[in-house]
Structures are given as C-alpha cells and as structure tokens.
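Structures for review follow.
Heads up, the next two complexes both have chain A, just with different partners, chain B and then chain C.
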Partner chain A sequence: MPTITIDGQTIEVSGDKPLLQECLNQGVELPHFCYHPAMSAPANCRQCMVEVGTPLRDRETGEIKTDANGDPEIQWLPKLQTSCTVQVSDGMVVKTHRTSEKAKRGQRDTMEFLLINHPLDCPICDQAGKCPLQIQSYKYGSEGSRFEFRKVHKPKRVKLGPRVMLDAERCINCTRCTRFTDEVSGSCQLTINQRGVKNYPITGPGETFDDAYSMNTIDICPVGALTSTESRFKARAWEMSRTPSITTINAKGSNCYYMVRDNLIMEVVPRQNIEVNEYWLPDEERVGWAYERFNDERPEHGPEIRVDDELTPVSWDRATDAASNALSSVSSDAVFFLGSAHATVEDNYLLSRIAEHVGAEAPKYIPHVEPGHGDDWLRTDDRTPNAQGCERLGIHPVDAEVLRSRVRSGEIKVLYVLEDDPVASGLFTAEELEDVVVVMHYYNTTNKTLAATDVALPAAMVVETIGTYVNEEGRAQRVRPAKVIKEVNRTLMMATGKSRTDMHGTPFDRWHNESHQVDCLPGWEILPKVAAHLGLEFEFSGPKAIMLEVTEQNPAFHGATYEAMGLQGHRLEDVGETV
Partner chain B sequence: MEATNGQSKAGDWQNFERVLLPPIRDLHRLDVYEKEYDGYQAIQKVLREWEPGEVIDEVKQANIRGRGGAAFNAGLKWSFMPPKDDRPRYLACNADESEPGTYKDRQIMEYNPHLMFEGILIANYAMQLDACYVYVRGEYVDWIDHMQRELDKIYEKGYVGENIFGSDFSTEIILHKGAGAYICGEETSLMDSLEGKRGYPRIKPPFPAQKGLWGNPTTINNVETLSHVTLVMRHGADWFSDIGAPTHPGSTIYGISGHVNRPGCYEYPTGMLISDLIEKVCGGMRDGKKLKAVIPGGSSVPPLRADMIDGVTMDADSLREAGSMLGTAGMLVLNEDTDMVTWLRRVNHFYQHESCGQCTPCREGTGWLEAIVTRIDEGEGNLRDLDLLIDLCDQMEGRTICAFADAAAWPVRYTIERFREDFEAKCKPAVFDTGGVAMTA
Partner chain C sequence: MSEFNIKKPVVPLPDMDPEPQIPEDELFFTEEELEQIERYKEKYPTNRSAVMPALWMAQQKFGFLPPEVMQLVADALDLPYAHVFGAATFYTQYYKEKKGTYVLDVCCSFSCQACGSYDVLDYLEEKLGIHAGETTEDGRFTIQEVECLGSCGTAPMLQVTNGPYVHNLTEEKLDQLIEDLRNDKMPPFTSVTLPQDEDEMEGNRRSDVEHTDTYQTPPETKRWI
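Entry: the complex of A and B
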C-alpha cells in the first residue's frame, strides 16, 4: 500500500481511490462540492485544490534523489491540483490549506467565485443549516464580497418532476444531479442547459424528471437548488432531530434517517450503508404517503373494544384482558394466530410463544408480494420489511384458501392478528369475520379490518418502537424510536436520541407537548400483558432481551444481538430457501 | 522591449510561391486538383513506398508545428499514439476555427479542400486509423456543403473508403458540423461534441492518444497542419523545414484584420516581421494613422504595444520572447484611435458568452471581468478596479480544466499592463468621496 505525506504526517493509504477520498478517509477535511464517492469526478467545482509533489527520480537509475539531509527531493507540480482527480502514488507529498498558503488562497478564491452569483438567500433556504456551501464558505471562504454588480438571474421555481423542484439561481453547477441520473440511476433525465454563468440542470424539452430515485438528487445537491416539492419550506434543518433507522416499505431494508419535528416525521433521508443501499433511497420510501402514515393516519383513541357493535375506547388493562379472555374462551384449535411481516422479529417471536402456550397451531403471515414492483436495486417485489424474519422464526405464508374455508365453516372462532390487514389483503370480507372474535394490533386507522375487529390494540410503528427486521438478503437491522408515544416507557425513552432538537420533551420536561403523541404500545409491551392473563409470564426486560433469547434459541438468528447489529446491521447466515 | 534579432526569418518572401493556396483557378475541384496540382500523388506514393512509421518520422523531422495555436510538433504528437490493437482509432480534424480574428482554415476549406483530404489520408495511413472526423464550425454552412460535394467525389473514385487506391488500407472521412460553440474548438470538448454530448473539456490525463473519441486512441490536428502534411510527403521534410523560421518552419496563412489598408489572408513563410506584414503586405495603416497595438494570434493572446514589435517575427519563439504568442496567426492590428478599454470590453464579452460553465473560476470569473471592464468603459470605474481585475486574473489562470480561463484572463492582464493609461483615463479620479461634504483638517 502506498505511503503518502499529508501536511507533514505520513500515512498509509489504500491507493485505489483519488487523493480527496483518501484524505477524507483519514479524517483530513478538504472542502469539495462536485465530488461524490459513488460517481465520477468531473473536477468542475475546483474547490478541493491542494499542492501536490512527487519524489524526484533519477532519470537513468530510476532511484529517488535525496537532498543533503537524506530526505527525498520533492518535485512540486506548478499548478494547484484538484485532489479529486489526483491518483495517489507512493511517496506523494501533499500540502493542504492547513500548511500551504497557496492552497488556502486557491480554495478561498474559488469560494469567492462560487458565491458571487449565488443568491445568498440562506434565511429562506431549506438547505441552510446542513448546506455544504454555507458550511464550507464559513470555514474556507473570505469575509464579505468584492462583487458589486447585479447577480445573474435564472429561473426560480422549476418543477423538474413530480417530486423535485429547482431553484436555478442557487445552483453552483456541480453536476452531481446530472451525473446521478447518468451514472447511478441510469435514467439520463437531467442535463445541463445553457452555457457559462447561465447554465443550470434541466430535463429535455417536454420531459419530466420522474426517475424512481429522483429525490436522491435533493440529498446530494450541495446547495438548496434542488428541494422536495413536498417538504420544502416545512421545517428548518436545525429544528429536526435525526434518528438512524431503516425504511419498511419493501424488503430491502434501506438505511435511513427519520427527521422529526414536533413529534411528526417531516422527512426520510438516506443513511449510508454500503452493504445495503449505499447512499441512496428510492422515492417510494419518502413521498408523502410513505411517511404520513406515521403522522396523520394514526389511531386517536388508544385501545378499543367492541361494545354494542361500536368500538369504544377503554384502558389498556381492559383491552388486554379482553384479548386474553377471547383466547381462553375457546378451545385451542378454534384460535388462529396471524403473525406479520410488517412487525418486528421480537413481536412475532412473542406471538409464536403465546400460540405455543395456548396450544394453537404456529402463526402464519400474509405475504404482500407485488410481482414487477422490484427493480433489482432498492425496490423489491415484496412490500413488507420482515418476511425473511418471519420465515426464520418458523412463521410461514398463510394458505388463504384453507384459512378462509375454516373461518366460513365456523371452525375458527378467535383470530389474533399482529399488524396486518386481512380484509384489505382479500383474505376475508368484513362480513365473513362477523362471527369471529378478532383481536388486532394495528398501526393505521385506514386498516379495513377494523370494521370487523372486536379488540383493537394500537401498536407502535417502526418509527416509535425498538426492534429488529430482517431484509431479503438476510441482514438483521435495528430500528430506533424517532417519535415518542403517549405512554411513558423507560426502554423507549432510553433509546430515544438524547439532546433532541425537536423539543417534544418527556412528561418531566417543562416544554413537554402531548400533541402528536399516539396512545399506542410496542408489541413487546402488549403481548406480555395478554400472555400474563393466560398464565404465561414473560420476564424480558425489553426487546433487547427478547432478541438475545431469539439468537440463543434459534440458529437462524445466530449472532444478531443488538450490539452486533449496531447501525449497519448484522448479516445472518443463509438458512437455505426460506421465502 | 529589446528586439529579438530584428531580421525577417522569411527569406525572400516577396518571391514566395504559395503552396497552400496556390494561384490555380478552381483548385477546389477534384479534376483541377489532380491535373494541375499533382493531387493525390503523395498519398499514392506513401501507400506504395512508405511504412506507416516512416511517415510519422518524416513528418516529425519536418517539424510541422501545430497551426491550431499550440505550435506542437505534429509528427511528435502522432508518435504518442499507442501501438495498434483491436480498438478503433481516430483522427479528429479540428476545423472549428472560432478564435476571434482567425479565418485561415476557411480559405483552405474553400480553395483547396483536397489538400486537407489528402493530408488526412496520409495521417490516417501513418497512424493506421479507421476514420477521420472533420469537425467543422457550425457557421460554415456553405463550406460544409462545398466540402461534402468534393468528399463524395473522392469516395466515388475510391480514394477514401474500402481499400483506398486499390491498396489494402481502408479508412473513412466524415464531415461533422458543430453547433457554433467556441469551446468545441478545444480538442477534448471537440471530442465530447463529436460523441453527441455537451461540449465540456475533459480532464487530462488521460490524453486523447490514450483515451479519446469513445474512449479510443485519437489524434487531433488542425486543418492547416494536415494540409502541410500533404506538402511534406510530396516535397520531403527538408524542403519544408527550409521554408521560414528555422524553429517554426513552413508557410502559414496570416489572417490580418483591423486598421490596415488591405486586410485579408496572406500565405507567406513563417517568421515574417510584423512590421513587414503591416507595411508591405497589408499596405500600411489605414488613413495614415499610427499603430497602437498588435494582437498577433487571435483575441486570447497578449496584445503587443506598437513599440514592442520592432524586429519581432511571426513565429512561436520570437513572439514568446516579445511577450505574446503566435496562436493561430490571426493578427489584429489596431490604430491610435482605438480605446483599449472598449476593445477589452468586447473581448471580455466574447469570453463571458462562450465559457462552457464547467469550472467555477471561468464560469464566474469571465462575467465578473466583463462587468468590471464595462463599468470602467462607461466611466464609472475606480482605479482600485484595476487591481481587482489583476487579482481575478490570478484567481482564474491555471485553475481550470482547460486553457479557456487563461485565454480569457491574458487579454485583461496584459491590456492593463501594457495600456494602463487608457484605463486610468477612464477611471474616476482616485480621491476620497466625501459625498459633497468639505473635508477639514
């Protein structure tokens, strides 16, 4: 591996990456805009300039020349080099802005040019607070401006596509967005229009930027030129807290951050995980409906039971009593448990344990596979996040025909559903379930099965709970609470980010605000309550302990402890064809 | 500035017989070119008697210095091509001629296109290339039609295409029309444009010889350079290197414009005295005015003051000593009435308009330069603006992917340096502006 010297510090580098990436990997910050590790380096922003020298070699012997002190003589390249295009070679010497006045001046000069036609409308710009241009101009730019002319005016509100809005004046022409469509998503929908200082990215005439991954351009835009049509002007960067988690629209388990303000999910943005989604997130994970189900469609009343054919709010104790009474009121073969590929491994595990205790057959789950939806990249045919986790727990897809006939014949009298919607899935009609006692954990009020539910238990969603999902490649990944539920739960509180900026508070904080907090409980709180009435005492201190037991008892989950999963997940061993 | 040697290097230029643009009527026609100008004899001789490598050596020895502006030895450039492998290899003939003040290639394309075609065929044979793309400036619509007619004729006669002249060498020539962007005359953006992309200069390395058109080995030569190749192979390298300046031999087409009595294109040996060109070739300054400035090679080279041209000859080395460049030998002559601020403003406008916008310093800097010079030209400028202009030149030069930023900054830097009095005369007096309030001690 080549050894290079950066600002007098000699370090060993991999040698297969450009100098800029090697510096960043070593924690040496260099300002840059156009360079992105997943794309080609066009070197057009000219911001990452450094001084580069290589050891002088004797032309005949090929040996490195040394000076009087025995140090290698360095031949400095006359011009400043853009570090994103410099290939590292052994013995290379680099002076960054920390040690070279020339490099420092070069970076400051470029920054001055970048800002002369930039509107500097940071006070109303969504990018402000997380803007590479803003941050780097504070760090590397000069104070004030020598530009005393009218700035160039360009189109301000260009709807490039259904999800992406362009403010061309803010654009610094780094071409990250056009290169994304050319090199990463492959749709080639964006190009640079016009010439010189008037240029900006745009689609071809009459074309729309409807790439299934279009919103990634918003994330990689180093200024506020590209914004989301939905979340623009909704929340400032510093008002939101950022919780590392995963998305649950499909079986890929793309890593993301949930951005929360006032206990509402405002945005979903990608989180880097080279093994799963690299730097990207498909649009379907973050268009309005994908996260408004976390906010608007949540239950309002807490647990409910059916009294005189009306769902009536009751306390959690009464609701879980009702659930366990239903389970114990009939013989074990009249009970059917539906697990869920939407729910966590922990919840499904507890459900299997209850089924086993009651003596009913092992739970099944409803598969939600939509052939043709996947694209062999970050979208999958499977629209659930945890089918692989269910399979590994021994929970298999339900045979719809058999179950339907058993319900119709009156054989099944009690149906216990972990977050799913059997009616909407076409398993039964609401009428068919009239004679069946349905106990259901549910997330959203749009759940069609609610019409036939007798005990409705609002469960904490992926953004509120702690748990484990296993993606289609067998990677077990943790989710963390981004939102706070109404119930004070010590385990959840401990896992919620400390020093949250969105100020939702806990009941003990003076700014505590209960609005937008849902009266729900995580499955690993509801199920032990139900089990307790059936004489099954779970003695888990929390989901972490549940998962520990799963890993110890089930070889398919070997090693997937919370510590091992961390932020990047834990790849489980293959267990053969399971789904 | 001291005169370099004060002597013309062009020898007996008054009796020079033109070779690129000889006085033959209808030379552009294939039959005339073949009958009266020994046309397509050189390529046939080369195909019969020469090994490709020998052709490259001969051209290298002739020292044809690239006529597109960089003045690099064409044969040496050819020798950078990697050995033939299974990849296709290309020649791109740069006929984009868009440097302001330059219109020499147009003369060849109009009056002697077959000389260029023959040169292309020789180059293709020497480097064993599959095709040559002639990238013609988009505004040259008539010239493209005209050349296409002639090209069709030689395709018909089998001079180009499969097994040319019955040999086992096959090669193609394709005329391609640009869309009128200055930057597409830069060799790497020319390749991007040919590939159907936006004309953005590429980062070098990799150089075109390693990774050019569609990632394949490519050489780029100017129209005039390739035309000289035909002459070198017809008359020999020694014949060529005996013409004109020893270090920059051959004849060249001087495209002279501006305040002279007879502006136009003149073919003479290299190394002509600038004063000879103005006084003897172009019939002196128009209306007997005094000379103020000479821009020897297109608008992007540093302008020379009248007192700087004594003994300076038109070849790369002499001009470099004098503080300018030969560029394309498109010479602009300006008389004493010219306001250099206004001239610079127009030049800056051109570069502002033509910057491709890829690199930050060039995209933003060219517009800023124009804005400041415009302000000075309108009498609103301050003396400190001159320092800012020089500062901006420092910030642009050598900081971009291609040489465009340098080409835009040099005229500014050197016009201010050499014609500072014009700028000072237009700037507001350097007094502290009290806003009308009297200053008291």
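Entry: the complex of A and C
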C-alpha cells in the first residue's frame, strides 16, 4: 500500500482511490463540490485544489534523489492540482490549505468565482444550514466579493419533473445531477443547457424528469438548486431532528434518516449504507403516501372497542382487557393470529408466543407482493419490509383460500390481526368478518378492516417504535423512534432523535411543540398487556431484551443483537426453506 | 434566443412544451443520410462523439434544429435526447430556431471584448434595429453574441453564418459588410498572417485561398477602443 505525506503527516492509503477520497477517508477535510464517490470525476468545480509533489528520481539510476539531510527531494507540480483527479503514488507529498498559502489562495479564489452569479438567497433557501456551498464559503471563502456588477439571472422555478424543482440561479454546474442520471440511474434525462454564464441543468424540451430515483439529485446537489416539490419551503434544516432508521415501503430496507419537526415527518433522506442502498433512495419512499401514512392518516383517538356497533374510545387497559377476553372466550382452535410483514421481528415474536400460550396454531402473515414493481435495485416486488423476518420466525404466508373458507364456515370466531389490513388485501370482505371478533393493531384510519374490527389498537409505526426488520437479503436492521407518541415511554424517549433546537434552544426559541402526538403504542407494549390478562407474563425490559432472546433461541437470527446491528445492520446467515 | 446582454443579463427558459415546427412528413433522414450517419458512427469510439457531424448534417438539411430534429438525431444515433440537446445548446453554431439569411456572430469573449466587441455589437444593433439574438423583420439578418471563435489575434471580429470571418472590425468595415450582404455578396474567406511571419515565409503561407491579408495594427482613429 502506498504511503503519502499530507501536511507533514505520513499515512498509508489504499492507493485505488483519488487523492481527495483518500484524504477524506483519513479525516483530512478538503473542500469540494463536484466529486462524488459513486460517480466519475469531471473536476469541474475546481474547489479541491492542493499542492502535489513527487520524489525526484535520478534519471540514470532511477534512485530517489536525496538532499543534504537525506530527505527525498520533492518535485512539485507547477500548478495546483484538483485532488479529486490525482491518483496517489508512493511517496507523494501533498500540501493542503492547512500548510500551503497557495492552496488556500486557490480555494478562496475559486470560491469567489463560484459565487459571482450566485443569488446568495440563503435566508429563503431550503438548503441553508446543510449546504456545502454555504459551509465551505464560510470556511474557505473570502469575506466579500469584488464582483460589483449586475448578476446573471436564471429561471428560478423550473419544475423539472413531478418531484424535483430547479432554481437555476443557485446552481454551480457541478454536473452531479446530470451524472447521476447518466451513470447511476441510467435515465439520462438531464443535461447542461447552454454554456458559460448561461448554463444550467435541464431536461430536453418536452421531456419530464420522472426518473424513479429523481429525488436523489436533490440530496447530492451541493447547493439549493434542486429541491423537492413536496417538502420545499416547509422546514429549515436546523428545526428538524434527524433519526437514523430504514424505509419500509419495500423489502430492500434502504437506510434513511427521518427528518421530523413538531412530530411530523417532513422529509425522508438517504443514509449511506454501502451494503444496502449505497447513497440512494427510490422516490417512492418519499412522496405522497410515504408521508401521509405517518402524518395525516393517523388515529385521532387512542384504542377503541365496539359498543352498540360503534367504535368507542376507551383506555388502554380496557382495550387490552377486551382483546384478551376475546382470546380466552373461545376454544383455541377458533382463534386465528395474523402476524405482519409490516411489524417488527420483536412484535411478531411476541405474537407467536401468545399464540403458543393460548394453544392456537402458529400465526401466518399476509404477503403483499406486486410482481413487476421491483427493479433489481432499490425497489422490490415485495411491498413490505419484514417478510423475511416473519419467515425466519416460522411465520409463513397465509393460505387465503383455506382461511376464507374457515371464516365462512364459522370455524374461526376470533381473528387477531397485527399491523395489517386483511380487507384491503382482499383476504375477506368486511361483511364476511361480521360474525368474527376482530382484534387489530393498526396504523392508519384508512384501514379498511376497521369497519369490521371490535377491538382497535393504534400501533406505533416504524417512525415511532424501536425494533428490528429483516430485509430481502437477510440483513437485520434496527429502527429508532423519530417522533414522540402520546404515551411517552422512557425507553422510547431515550432513543428519540432530537433537533438542534430541542438540544440547544431555550424554551423561548424552540420551534417545536407537543402537537401531533398519536395515542398509539408499540406492539411490544400492547402485546405484553394482552398476554398479562391471559396469564402469560413477559418479563422483557424492552425490545432490546426481546431481540436478545430471539437471537439466543432462534438460529435464523444468530448474532443479530442491537449492538451488532448498530447503524448498518447485521447480515444474517442464509437459511433453508424450513426455519 | 434572447436579448441576453451585459445590461440585462437574464437567461430565459427554453420552451419546455414546444410545438413541432417541421411538418411530420418532412421529418426524416433519407437512406443516404442514414448511411452517412453510419459512417460518422464508425469514425468514433462512441456514438456520443458522432453527435457533432450528425447535428451539422441535420442543420444543413432542415435549416435549424428545433427539438423534434434533435430527437431525430438522437434516435438515429441511439443516444439520449438530453445529450443531443445539451450538445446543440452548447454551440452557438447550431441554430436552435429559425435564423435570418445572414447570421452575424459577434465574438464577445475576452480578447474581442477588450478590443471593443460590445461597441461592435451596439453599432450593429443600432444599424439593424434589433437586439442580439433577434432577426430583422425582412428575415435577412440575425445578430448573435458568441464565445471565442479562435481568432483573437484579429479582434474584434465576427463570423457570417458559420462561414467566413471578418477581422479587425471598424465602423467602415461593418457598413461595407452590411451593404454587401444586402446585395447577397458574402465576404471572402480571408487568411490573416503576421508581417514577421510573412517575411520569414516569403508571403502568406495560405496559397489555397483567394484572399489573404496581413495583420496591421489599425490606426488610432479607426479603432473601437
């Protein structure tokens, strides 16, 4: 492995990456805009300049020349080099802005050029607070500009496609967005229009930027030129908390951050995990319903039970009591448990334990597979996040035909549903469930099964709970609570993400408030309450302890403790057909 | 395309929902043209490079390059439409809309600017009564502000309809040029060399052109600056 010297510090580097990346990997920060590790390096922003030298070799002997002190003589390249395109070689010597006045000056002057026609509208820009251009101009730019002339004005509100809005004035023409469509997503829908001061990225006239991954360009844009049509102007970067978690619209388990203000999910952005989604997220994870299901379609009341054919709000104790009464009121073979590929491993595990305790058959789950939806990348045919987790727990897809006939014949009298919607999935019609007592943990008021439900228990969603999901490839990953629920639980509170103002603000300058808290509970709180009424005492201190037990008892989860999963997940051993 | 200039630097958005301008039954390449495009493709390692001659050919054929022609070129080269659009808009030599018979491409890059190209532009604008980017009502002249045409030594200069250059511009030269063009007389292709080079080479080295010129520092009175 080559050894290079950066600002007098000698370090060993991998040698197969450009100098800029090697520096960043070593924690040596260098300003840059156009370079992105997943794409080619066009070196067009010119911001990553450093001085580069190599040891001088004797022409005849090929030996490295040394000076009087025995140190190698260094031949400096006459001009500053863009570190993103320099291939490292053994013995290379690099001076960054930390030790070289020339590099510092180069970076400062480049910045002045980049800002010549930039509108400097940070006060109204969504990127402010997380903007590489803003941050780096504070750190490396000069205080003022010598450009005292009229700035070039460009189109400020161009809807490139249904999800991406362009403000061409802010663009620094780094071409990250066009390279993304050329090299990563492959739609080739963006290009740079015109040249010189007039250029900016756009689609060809008449074409729409409807790439299924278009919103990634918003994330990689180093300025505020590309914003989301959905979340622009809704929340400033510093008002939101940022919770590392995973997305749940498909079985890929892409890593993400949930951005929250006032207990509403404002944005979902990708979180790097090279093993899963690299740097990207598909658009489907962050438009329309992806937000509505967390914010708008949540139950207004807490738990409810059916009284005189009306769902009526009751306390959690009464609701869980009613749930367990339903389970104990009939013989065990008249009870059917539906697990859920939307619910966590922990919750499904507890459900299996209860099923076992009452002597019912093992739970089954409703598969939500949409053939053709997947694209062999970050979208999958499976529209649930945890089918693999269910399988590994021994919870298998339900046989719809058999279950339907058992319900019709009156054989099944109590149906216990964990976080799913059997009616919307086409398993039954609401009428068919009329004579069945339905206990359901549910997320959204749009749940079609509510019409036939007798005990409705609002369940915490992925953004409110702690738990484990196993993606299609068998990677077990943790989710963390991004927003607060009404029944604040200490375990949840300690894990809930905080915004800058939550952490540092005084009560007077806090933007956040206590609104939008849903009266729901995580499955691992509801299920033990139900179990307790049935004489089954779970003595877990929380989801972490549940998962520990799962890993100890079930070899399909071997090693997937909370510590091991951490932020990047834990790849489980492959398992055969039968678990 | 625009009235973009130093006093009013506003970049417009192209028409993002354009009406086709070439009748559908004329929008095709003939067998021969397609064969020619095949030959362009063979010349380069990737089709992306063949976009330049193919666009040029299309411009010769259709007169200009509206979006539907760019799409036609993209299809012929099996390239994304956006790539073709990007290349076509980069070069002022590709006409994105219908131009006048004579396009006056006034270079406004650094050397020409320093030698007064904005005065050239102003003079022409006033004389023809149009802004840069516009076409006269009779459809005869278009003025364009363009980037360096690689003839900085003879600044300020302009190019006529992607053809001959007119060097060392003065008011008189512009008057003469417009007059000639009104009579459909194109300026000759002129090769300009430096006097010292001519001494060394015993005359202008371009023996293949009719019109040669030797660079002379223009007299003070006639200069734009």
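To be clear about the criterion, the second predicted complex is superposed on the first by the 559 of 579 C-alpha atoms of A that agree within 3 Å, B and C clash if a C-alpha of one lies under 4 Å from a C-alpha of the other, contacts with A are read in each partner's own complex, and residues count from 1 in each chain.
As a convention for this text, a contact is a pair of C-beta atoms (placed from the backbone, for glycine too) under 8 Å apart; a residue touches a chain by one contact, two chains touch by 3 or more.
Keep in mind that what you see is a predicted model, and the values were worked out from it rather than measured.
After superposition on chain A, the partners chain B and chain C are seen to clash.
Once the two complexes are laid over each other on the shared chain, residue contacts for A:Ala43 go to chain B alone; chain C is not touched. With both structures placed on the common chain, the touch criterion links A:Lys79 to chain B but leaves chain C unconnected.
Looking at the shared chain after the overlay, A:Leu418 reaches neither chain B nor chain C.
By the touch criterion defined above, A:Ile172 lies against chain B but remains apart from chain C after alignment on the C-alpha atoms of chain A. With both structures placed on the common chain, the touch criterion links A:His153 to chain C but leaves chain B unconnected. In the superposition on chain A, A:Asp109 makes contact with chain B only, not with chain C. Applying the stated contact rule after C-alpha superposition, one finds that A:Gly206 touches chain C and leaves chain B untouched. In the superposition on chain A, contact of A:Gly196 is made with both chain B and chain C.
Shared-chain residue A:Leu226: touches no atom of chain B or chain C. None of the stretches 151-159, 259-267 or 367-375 of chain B clash with chain C in the superposition except 259-267.
In the superposition on the C-alpha atoms of chain A, the part of chain A touched by chain B in one complex and by chain C in the other spans residues 152, 191-192, 194-198. Considering their complex, residues 150-155, 158, 168, 178, 181-182, 188-198, 200, 202-207 of chain A touch chain C.
Listing the residues of chain A that touch chain B in their complex gives 42-47, 49, 78-80, 85, 106, 109-110, 112-114, 116-117, 146-147, 149, 152, 172-173, 191-192, 194-199.
Contact residues on chain B toward chain A in their complex (touch as defined above): 181, 198, 200, 203, 352-361, 363-368, 371-372, 375, 388, 394-395, 398-401.
Note for the complex: chain C touches chain A at residues 4, 6-7, 9-18, 67, 70-71, 80-86, 89-91, 147.
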